[in-house]
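Per-chain numbering from 1; labels A, B, C and D assigned in written order.
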Amino acid sequence: MSVGRLPRYVVRRVLQFVPVILAVLIFNFVLIKIAPGDPALTMAGEWATKEQVELVRQKWGLDQPLMTQLLRYLGNLLGGDLGFSYHYHMPVLDVIMLRLPKTLLLVLTSMIMGIVLGTLIGVYSASRYGTRLDLVASVLSLAFYSIPVFWLGLLLIIVFGLNLKLFPYTGYISFGVKGAFSVVVDVLWHMVMPSVTLMACLYIPVFLRISRASVVEVMKEDYITTARAAGLGERAVFMRHALRNAIVPVVQMVGIWMSQALTGVVLTETVFSWPGMGTLMYTAIIMRDYPLLMGIFLITAVWVVLTFLAVDVATAYLDPRVTYE
Amino acid sequence: MTTLSRTMVPEPLMSIRAAEKSYRLRMGFMASLMGKRVPEIRAVEDVDLDIGKGEVVALAGESGSGKTTLGKVLSLLEPPTSGSIWFDGLQLETLSGREKRRMRRRIQMIFQDPYESLDPRFTIFQTLHEPLIVHGIKDGGVTHRDMTRDVLDRVELRPPEDFLDRYPHELSGGQRQRVAVARAIILHPDFIVADEPVSMMDASVRAGVMNMMLRLKNQLSLTYLFITHDLAVARYMADRIAIMYLGELVEVGNTDTVINQPAHPYTQILLSAVPIPDPTYGRKRVAVPGEIPSPTDKPSGCRFHPRCPYTEDICRHRRPGIVPLVDGHLARCHFALGVQGGNKTKKDRSAG
Amino acid sequence: MAAQVDQVQSQFVESIAPGGMGRTRSFWRVFAEKKTALFGLVVMLLAIAVALAAPLLAPQGPTHLYDALLSPPSSQHPFGTDPLGRDVMSGIVWGTRISLLFAVGVAGLSLLIGVLLGAIPGYYGGRVDDLFSRFFEVFLMIPRFFLIILVVAVFGQNIIFTAIVVGMTSWVTNARLTRAQVLTIKERTFVKASMATGASHARVLFRHILPNGLYPVIANSSLEMAGAIIIEAALSFLGLGDSNHLSWGQLLFSAQLHIHSWWLALFPGLAITLLVFAFNLIGDGISYAFNPRLRGRG
Amino acid sequence: MEDRLLLDLQKLETRYSVGRADVHAVRDVSLKVHRGETLGLVGESGCGKSTLGYSILRILPENGRIVNGHCLMEGSDLLSLSEDELVNYRWSKLSMIFQGAMNALNPVLRVDDILYEILRAHKDVSRAEAMERIKELFDLVGLARDHMTSYAHELSGGMRQRVVIAMSLLCNPSLIIADEPTTAFDVVVQDQILAALEGIQDKLGIGMMLITHDIAVIAETCDRVAVMYAGQIVEQSSTEAIFHAPAHPYTAAMLNSFPSVRGPARCLVSLRGAPPDLTNPPLGCAFAPRCPLAVEQCREANPPLEDLTTDAQHLARCYFAGSDAVTEAWSAEESQTGGAGG
């Protein structure tokens, strides 16, 4: 727990992750290269002549051996160059930077609300362990978790968008909105349905169940019995002894879902036409925009690594048995 | 020093010479790639011991003394890191895989926890049957079912038919341990390593299992290495007692001698710590500082010197060899003779 | 530690402590104590019955074109018809077969690969374990759904191929559960006892370790089936389904395009949710029945 | 003697519901513990001795309940206290040392914080005052003060058990119930813990109830002994009387089943069979099926806990109590089994 070791630990962990990211990149690179279809052909367009296709091939270095292509790609990466998107005719990094904030806005908002709500209900449910309320909470959470996000999204659109016309259901902002305040309100308005979908089908059930399960588990520990026997009131037992221990699995679950924040919401983004990373990835795949795809993979991998690291640091902070080793 | 121990037993069934078992600590993949030195634990070091045919030798010590590891090595569960083990004239490390498998028929093991040592998904018959299958015993004139019935009868689980098709969870702890003993004797072994076989039982059941094991020893001419942390149990079961501390044998001798005239300070302290089931006895408590250190970080010189009441300078830097006393009694202490003879003044520090 | 990321559905098995108990007889009793798990079982059996009886329940087949296009639910078409005049209920009835087969195929493949790949590092430990664990970790860093979309979009949209892809990307949870179980059970005394009698590695692994340790994998397989049904639906929903097989997801795909015909979305989605819910309940029940730690004290 | 009375258990009965059945874990137990006295409660696993301890503190698991009896602590009945009153009562009057200290300390809290928390729940103390008290107790149980700021996982098993003992003393209780405080420890550590407990008893003169299965521990530390079998007290007396003239065949068997490192080598007695199923306790004496003395009468009616003296100093639940048959019962049994000895 000594904070002094933290910087060294972070550096070491980041260094450890470099080969992992490299492995992910190479894997994706190879996967894309063995895919059927000729990217040069796709890029040059359907009506291109043979010469034009060759020209494109040469321009992008697609005629080089695979190894050379890979090395060149990695070399460019070191220089901060993620390549150029065929489809958007923009540098890959720029395309991603346009989309990334929108996904983060949607996902982080929904997730934070989901974590808070889910954990509160879960902990309350655990404190009433075995009661009817607890049973209802745990069955309902599983039922909601079983609903496909895109289906709930579709139903919400049909009911609240088309019929009741309460909320907008495509995009993240209405056309022609001006002024900071109006923009914020408009974006929030657009976020309501996608957020509700994400929270209802994923975040609330997941955090409800994990927090409930870990509190229930902790309450069976001997030190809880000891604390009770020692005359600590039920409240103190719960607040001081149970929660601190039960929070660790919840934090790890936050890490798991946070690590999937960028790509885990492709379906929700698709249903609500939210211009985020999910829809971008889908477009990149359908359009065979390989440089963009590689860029997305890279950003995703880095994101995953960072969230893992954050969880490890948080776990070591919360649980003295885990050290920064 | 090896020759000394050999004189103890005229016709040893098993001879252990300079046996050592060390483990490498697991470390991260990355760290091992970076070529960091792997830390090592020497769980057993420099052990010489002879076990005579028909003898019961108790191996006693605290947890962390390495007694279970030595038991695993002797029961062929794990190979020694160095040293040699001779069994009935054969050197075990030189055996081929097939010979080793055949050797397993002659060396069996009984484990501590009867709730753990039987596969919960196997019936008693399946459990007893397994060694017969593994060693390709013919299911002929005497059927496997007969053999299992016979061993159940020997371990006093009667009538055997009532037990064959039951599952372990339907039996009591004592009954399970009897099944474990039955499994150990079904192949007619010569030597049985019993690792704390009675330490998890209630006293009244424990006495029954101990008595049964002694009876089986006589009936089937078995030899036991009986591992225990309880010197009272060791005294009841054993002909000879060997005391372990931090991976070494510190004292070996006949049961009466070790119990009544211990030559190693550690043995004395162990004995003085055993409560006596007699309210009038008035035991003298010899306080010993600290607890047994971790085997990763053993003290220099005599392993026991930081906790020993008689420590002198030599103990801190020189590791004592084995000192022979009368009648095959050995102790690893610079002052073995003095301690036993009482020349050293006891620094009793009765607590309370 | 880094390997905590798991498949989406795995958090329900995470709480299963390694270990194992093997009272097959009491298993059903405990499982039946959980009414919700029984409900899941009933729904699953019902789904199987519907799948088997599809020719009786919807004799015209799922692709028969009726005259009524986009008709709302009526006595003739209880769940309505789609823009081509296909009966939605027939589609759901026949789609049950595809969903179930897909789920079983995916879970089976994932089980096979997972148990094999998990048993090796668990049993041998040491370097082998380090190597495999690292491999699992790297595999977990690849966004799974992303990869499935990529492979299916690029290499083709055959449903069997899709099942294989999904199965091959979902084994990691099984492998990690198996590894953890084998690692623990290997150290248990009854395994040591079997080794001491001279039993072979194969015997020890297949007769003692795996039978005692597979229950989290079994529980996970049920969740895996739930996940597979959702993934198939999701792929179809994105237009990456197999157009030769009318699955529930395919029905939803067309619903997306005819958003005013609410019945197109409602009924297939309900079917998916119900079956997924059932598999989740069953998985929950299995871990509950097998793991004494999830139950109360005493 | 009576003015020194601390705990007076009267006809306590505790049951667990398991499935549809009830396990009669504690049946009609009456006991007294006095100030300055250590009472040993001895019996084998499943005899109800731990349940008795939990019942007194009313910390039974969810499926357990006390169905009958009184538990008078310095005159007030613990069983009639409300949950709130009980919270204050626990630890300030009556504390417990649990079996398995390994898990009795919260792994994510520092030892001093755990202790401070408990002290604060009972007394209005500043942190500094609390730390003084904790230091005092650490000295008393023989723990170095440096360990105050440790986490549980940084301590050895023996040290953790000392922390748990210190914890039980925090609020100056008048009675401590120690449930198998030395089980699972090696003999040297066990001895250190026993020494610490004896030291506490000498210095503080409080009442102590020591629950154990080990009669050697009883012999060395207890003034009086109660022997439990199948949920009942079968014999109760001073330690000397029990060890020298056991009046119940079960006590006699227990005494003869323990090996010792001192005294003459002798054959050990073992019991056949198992204790009765307590979902359906037998009508007669619970020990009868395993007893060599059992006669028809034993199987038909449970013998009462009879006073062998005039002042309730030696009680035994056996029709043969006090006769020589009891002490000789097992020597006959030994020759029967052939009694292989060491």
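Rule of thumb we're sticking to: a contact is a pair of C-beta atoms (placed from the backbone, for glycine too) under 8 Å apart; a residue touches a chain by one contact, two chains touch by 3 or more.
Since the structure is predicted, the reported quantities are computational estimates derived from the model, not experimental observations.
**Student:** Does the complex stay in one piece without subunit D, or which separate groups appear?
**Tutor:** Drop subunit D and the rest stays one piece.
**Student:** Which chain has its C-alpha centre farthest away from the C-alpha centre of subunit D?
**Tutor:** Most remote chain from subunit D, centroid-wise, comes out as A.
**Student:** Across the interfaces B-C and B-D, which one involves more C-beta pairs in contact?
**Tutor:** Comparing B-C with B-D, the pair joined by more C-beta contacts is B-D.
**Student:** Need the CA-centroid distance for the pair subunit C / subunit D, whole Å please.
**Tutor:** Once rounded, the distance between the two centres reads 51 Å.
**Student:** How big is the gap, in whole Å, between where the Cα atoms of subunit A centre and where those of subunit B centre?
**Tutor:** Result: the chain centres lie 55 Å from each other.
**Student:** Where the CA atoms of subunit B average out and where those of subunit C average out, how many Å apart are those spots?
**Tutor:** Measuring from centre to centre gives 49 Å for this pair.
**Student:** Using mean CA coordinates as chain centres, what's the gap between subunit B and subunit D in Å?
**Tutor:** 32
**Student:** Two-or-more-chain contact residues of subunit C, please, as numbers and ranges.
**Tutor:** As it turns out, subunit C has residues touching two or more other chains at 296-297.
**Student:** Which of the residues in subunit C come into contact with subunit A in the complex?
**Tutor:** 1-2, 4-6, 8, 11-12, 14-15, 36, 137-138, 141-143, 145-146, 149-151, 153-155, 226, 230, 233-234, 237-238, 252, 255-256, 259-260, 262, 265-266, 269, 272-274, 276-277, 280-281, 284, 293, 296-297
**Student:** Quick one: in the complex, what on subunit C touches subunit B?
**Tutor:** Within the complex, subunit C contacts subunit B at residues 20-24, 126-127, 130-131, 133-134, 188-200, 203, 208, 211-212.
**Student:** Mind pulling up the subunit A residues that touch subunit C in the complex?
**Tutor:** Residues 17, 20, 23-24, 27-28, 31, 35-37, 130, 139, 142-143, 145-148, 150-151, 154-155, 157-158, 162, 206, 209-210, 213-214, 217, 220, 249, 252-253, 255-256, 259-260, 262-264, 266-267, 270-271, 281-282, 285-286, 288, 293, 297, 300-301, 304-305, 308, 311-312, 315, 322 of subunit A touch subunit C in their complex.
**Student:** For subunit D, which residues are in contact with subunit A within the complex?
**Tutor:** 57, 59, 87-92, 95-96, 98, 100, 103-109, 117-118, 121-122, 151, 153, 164, 167, 170-171
**Student:** So in the complex, the part of subunit D that touches subunit B is made up of which residues?
**Tutor:** Spelled out, the residues of subunit D in touch with subunit B are 44-45, 156, 158, 186-192, 194-195, 198-199, 202, 213-220, 239-240, 243, 253-255, 257-263, 265, 267-272, 274, 337-342.
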